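Order of writing sets the chain letters: A, B, C and D. Residues in each chain are counted from 1.
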Amino acid sequence: MSDNIYLPWIATITEVRPETADTSTFVVTFDDPQLRESFTYLPGQFAELSNFGVGECPIGIASSPTWAGSLEFCVRAVGTVTNAIHDLDVGDKLGVRGPLGNSWPIEEIEGKDLLFIGGGIGLPPLRSLIHYVLDNRERYGAVEIIYGARSPQDLVYKQELKQWEEQPDVDLYVTVDAGDGTWDGPVGFVPPFLREINPTPENKVAFTCGPPIMIKLVVEALEEMGYADANIVTTLEMKMKCGVGKCGRCNIGDRYVCRDGPVFSFDQLRRIPGALEA
Amino acid sequence: MPKTRVGVFVCHCGNNIGGVVRVPEVVEDARHLPNVVCVEDNLYTCSEEGLSSIKEQIAEQNLSRVVVASCTPRTHEPLFKEACEEAGLNRYLFEFVNIREHCSWVHRHDPARATEKAKELVRMGVAKARYLEPQEEFESEVFPAALVVGGGVAGMTAALSLANQGIQVYVVEREEKLGGLVRELRTLFPTEQDTGELLSPLMEQVRGHPQITVYLGSEVENVEGFIGDFQVTVGSDGQNSELQVGTVIVATGAQELRPSGMYGYSTLPNVVTQLEFEESFKSGADLPPNVVMINCVGARVPERTYCGRFCCSTAIKNAIWLKEQDPDAKVSVLHRDVMAYGVDIEDSYRGAMELGVRFLRYDIQNPPQVLGAKRAEAVKVQHQLMGKEVILPADLVVLTTPLVPREDSERLSKMLKVPLGTEGFFLEAHLKLRPIEFSTDGIYVCGSARYPSSIPESVSQAYAAAAKAGIPIRDGSVRVEAITVFCDERTCSACGNCVEVCPFGAVELEEGKFGRIASVSVAQCKGCGCCVAACPSGAMQQRGFDDRQLLSMIGALAEGMVSGGGR
Amino acid sequence: MERKKLQKSDLSRWLDRIAQEHELIGPSEDDGVIRFQPVESSAEIAVEFANSLIPPKSLFFPAVESLFSFHKRGKDIELEATEPLDRDRVVFGIRNCDVQSLSLLDYVFGQDLEDVYYQERRARTALIALACPTPPRSSCFCTTFGIDPLSSDGSDVLLTDVGDVYLVDVVTEKGEGLVSLAEDLFPGLTDDEARQLQPRPVEMKKVDISQLREKVEALWEDEYWHKMSLPCLGCGICTYVCPTCHCFDIVDVGSTLEGERYRCWDSCMYSDFALMASGENPRPTKRERIRNRYFHKFSTFPSRYGSGYACVGCARCLIHCPGGMEITEVIKDILAKESISE
Amino acid sequence: MQDRLHDIVRKLLGEGTIEYFIGYGAGSEPHRVVPCFVTSDHEVERLVWGPLCLQNLSKYVLQAKDLEGKAGVLVKGCDTRAIVELLKQHQIEREEVVVIGVACQGQVDPRTLEEVLGVPMEQVQGVEDAGDQFVVTIGEDERTVAKEQVLLGKCLYCRHPSAFEYDFTLGEIVPFSIDAGESEFAMVEELERLSVEERRAFWQKQFARCIRCNACREVCYACYCKECIFDRKMPRWLDKPPLLSENEIYHLIRAVHLAGRCIDCRECERVCPMNLPLSRLYKKVQKDIAELFDYEAGIELDEVPPLVSFELDDQDPFM
């Protein structure tokens, strides 16, 4: 983070990987070679990406801090800035302000089994942690990943899904809401799919990220399966602007999602009035 | 997300563009525009070679937008759109930039600045193209029947023409008899043929045609729908019939102006109009020895500026007839100019003079005066050639008045949502480019409803209207241009401005998912954009011309004028 | 702390002396509106005023400010941070409620990821406070929040009007520096004067708010927020005239080739304030927005920063609200709710 | 009159005709009258009527759509024009709202009153109508002031003192008129006489002061768009920072959007915390609409607004 908390670093797009019809992964490298070395972050943190002249928007860092040299952002074209970012090409510049926010609890979960439950574009924030865990394999227990999307075309990181599928130390379960000719895997929504798989709660922490309705039903299911609120961790989505807990937009209760989040455990959320209203 | 890939084709148009605009510079400039992946210049982009190059590049470069910078869309846009479509690209992903009429032709003396302008126009076109979206054209079936409003010569001719094509036709006539205005005439001009000889066979054919249904003493009470599917209510003595038709022809004709209060008309018993003259004298009333006709009564005056076109012929016709009945009769025609166009009428005009009809020119500043208290006794007029006042004795004064629109034209125009011109006649879409048609699809006009027309003109217009009205019926369906308006339900607050301004009646308010909203009938919308301009909340957006597309053009033109948004 | 006096007639001389060295800012009237703005000389300053319409927070956290400019050269982009100040500033005439509001804003901008723009303005600005007129404006209620309108706490110099002279409390070194610019104008007080020249006590309606936070927190689900939100029009006056409100937006103005990134005030009362690009809005109606604002003032701000309430009783919002909403009435309503069971 | 108001509202609430009533209530200090939402019998006593009932409550009728049940509202003659326009613009249905009309005798402009009396409003204990003057209570004193000295600007040219679209009226309709001594467009004409440069300078100075709190928009009866174009993100018509360029666009677009709809209630000017002379801008638009199209908004229910109709004799001096 720069001393001037509003001043972004300049980075160059080195690769654009289309993921779905409206989502692409942007790989960026800082222009300042020193910064490339010194920039550190934790899985779960995010950055404000600038397309200068259009504006800034918060995007989770989808790469793992264990990878050197570049950052990855999975951007869905929904608003003005994200659409403008999609207009950029390899070689174009972006502003990157960060890292911002808290992170997944990488220390607290050492030695535990980990369950990742993602929906649609909710996989990228989990992906940072998944890779971090896989790159520090000895510090963590078993890894289960449950992922679902609306259709086979809406699955992101198709290459990695294939890779995890084959990896012996990862259990991957993928479902789609509606299949098509290309799909011979499970069909159905994530929450019932989760119930079907029924992963045991012992010594396990569950991480979930996805559309609000999915998170709500996933948490209900996890609770019924015996997961304690403290062992259910999610990221919250609120409108963010400054990213540094000042502009007043993204609070739930007295917590700013951009500063104190976006990662919260469910026992934290239950103590904040209004946090679970959505 | 697959990136938008724009291909730009800049045309030299031989020397037309290339002789002024430095095309290679424009090409080079376009190469650096966002999303542009290929730029070509062609001697003639519209040539077979140029078109196939567009198609090739769409395939090779996987283009998702095509921009052609060349001439006018009026002539060439369909061609390029066709080429896109043939290469598998939706035709609405094409953007036309006019660097000929808008640039090289008008700036031919300033090649440097013309080149800069061409670059700017291309930048704007590319900026807009990036936001183009594929559109589907709406197709609707056409009900195989036609409505003809009016049973005069024009209406009957049109009806017969359509019916002879095998189309079911409904003719609605307000009067109890067919025939229209011609029924009030005795003879035709210049043949002096009895009008009955023209009308009777026409009427007979219409009445006897199995494909024609005639509603006499009836009026059109209501019309709803659009081309292909008009619902028409026809009323007669409180009885209503519902008709479904695919197209409509307006042939409601016109009526003679009754010049109340002018030249003693309606106060002096022996001041009549030409039509009244035909009615009474041609039917055998005693002929007076001194007749003065006054032309241009109520025509070519400030409140009615048009020329009635064949009022002069009528006066000539009746003057000749008078002279033929009584060679000693003194017949004078006071006129402002004699409109005796064409060989026949000019001949008759000369013939009338030879027969001794006196033609005197008067000045509108100094109009004739009808003298006499209880009856017209003489007409005083300033003789322009002699430069002095003359007094012409008159036993009868005949006023030549123009045809004026029927009183109920306005009601019908509102029902059909078609316009009337300043004089109150029906106004076609374009005098030269789209005669006989209205801007509203599926509705046509012929005869004196359009403008005072002679019988030959009415007949040819009727054939034209019938031909036009028959096309969609025989095609069986119509495709509606996809450049129409849609309403963003989330932002529409149903103020109703769009409903008021729409010239085609294509918008109405209805309950939607987000409360009351404006709803656009795609089949009726012509994409004129009136509602878009009138909408205060920006909810009405025109496909192919939405805010984002237009603002991106402005942004490209004036980097810095519009920040961020839309780009 | 040293107490001196200043003849009222000498005030302008002192201010003009300050204006030679620093940028002088004071309450000045423009089309009937009093604002704190830079002045060329003391003549532009309105000394007789209740308080400014726009709170002096605008001097540290301006309604609009450039954060940096950007220029594109080919593919490269250059950023240039904007300097917040050209020279040191002196603010004359600030009231204590507003001084206290700055100490609240310090929590937001001055700690946990410092805001360099705010901090530099704060560091390079001296405050000459002017104790409130007695009686104060009838709508004022700063004492409810424990603020003494005559206190020098937080300012560099405090002037108190005691008739023909101002009592001058020199609070900080910065203050001493300002007084020393015209040392001769500031004689010390004789013992008699020290006894006689006392500020008139301020009488102000005061409400016991010791339970305010607990009570407002118990009202999260209450229907109250709906009913009280009815007159609200959803404009931003209350937040823009509030000395403690600090919501802002960050917006690029210009083209993609060059332009500036601005920070400007925003208001949590605006319907699109928390609206996300997805179309979701966590505070979709006035009820949630108003509740959020009062919670911020009375619950979440003190909870987050361990501070007092985020209201200083300046009454600007209740004076200017076009919907006639009065924060004093809201406080009364909240306090009137039955006490919270433990 | 206040008693009759209480009676009517009590009756309407009692018989269940309305769920709530929008009127004027006493603020926490005597000089401040605030919009007051009454839902139950015991709240009816809070309703007041007098010369400080400044707000155009018609704006609040718009949120009736989001609330259960029917609303009642108190309108002055000038406010009725908003009701008429809301009906014309399909924002309310006539049967959805019970309108209580009042014969207004003029409203006090607090800013002017402060100037004329040299006393801040907060010392004013009350203002009573007394024919052609107001009686102002200040502490123990009573002072009288001629109406034409302290009336709201719009009251000086009032043509509709009494409500003309209503279900009930308060008291007798007493004609009220005052001789303003100048044309209602005098303040516009004064600006029109300036050169283009001078006029531009005038407005730039004003717009530069605007803080874009949006109060002028939010208080305006005609600003009922679900999403104002100024708030739109894609495309963005206006940048949020209150820079002069953006403020100009904001005010000028608003003025154009209100052409043919502005009913001269001048609420925008009244609520503007920065004292922008907005009524001059809107009065200019009204003047143009009147001169070009002989039209006045909010008078006739079935008159088509000029900017959404086309007549062949429409003036088009710009062509």
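By definition in this document, contacts are C-beta pairs under 8 Å (C-beta built on N, C-alpha and C of every residue); 3 or more make two chains touch, one makes a residue touch a chain.
Only a predicted model underlies this, so the values are computations on that prediction, with no experimental measurement involved.
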### Comparison of C-D and B-C by number of C-beta pairs in contact, larger one
C-D
### Message
With centres defined by CA atoms only, which chain is the most remote from chain D?
### Response
A
### Task
Average the C-alpha coordinates of each chain, average all protein C-alpha coordinates together, and give the chain whose average is closest to the overall one.
D
### Task
Could you give the separation in Å between the centres of chain C and chain D, each centre being the mean of its C-alpha atoms?
31
### Message
For chain B versus chain C, what separation do you get between their C-alpha means, in angstrom?
### Response
67
### Query
Between chain A and chain B, what is the gap in Å from one C-alpha centre to the other?
62
### Query
Centre to centre, by mean C-alpha position, how many angstrom separate chain A and chain C?
39
### Contacts with 2+ other chains: residues of chain A
53-55, 79-80, 84
### Numbers and ranges of chain D residues touching at least 2 other chains
227, 233-234, 236, 239
#### Entry: Junction residues of chain C - those touching two or more other chains
249, 251-259, 266, 277
### Summary
Residue positions on chain D within touch of chain A in the complex are 233-234, 236
## Note on the structure
chain C residues touching chain A in their complex are 67-68, 70, 72, 75-77, 79, 81, 108-109, 112-117, 217, 220, 245-252, 254-259, 261, 263, 266, 268, 273-278, 280, 282, 292, 296, 299-301, 303-304
### Summary
chain C contacts chain D in the complex at 30-33, 50, 53-54, 63-64, 137-139, 227, 230-231, 233-237, 240-241, 249, 251, 253, 262, 264-267, 270-272, 277, 285, 318, 320, 322-326, 328-329
### Query
In the complex of these two chains, what residues of chain A are touching chain B?
16, 18, 20-24, 53-55, 77, 80, 84, 86-87, 89
### Message
Which stretch or stretches of chain D touch chain C in the complex?
### Response
27-29, 32-37, 39, 55, 59-60, 63, 66, 111, 120, 122-123, 206, 209, 211-215, 217-219, 227, 231, 233, 239-243, 267, 270-271, 273-276
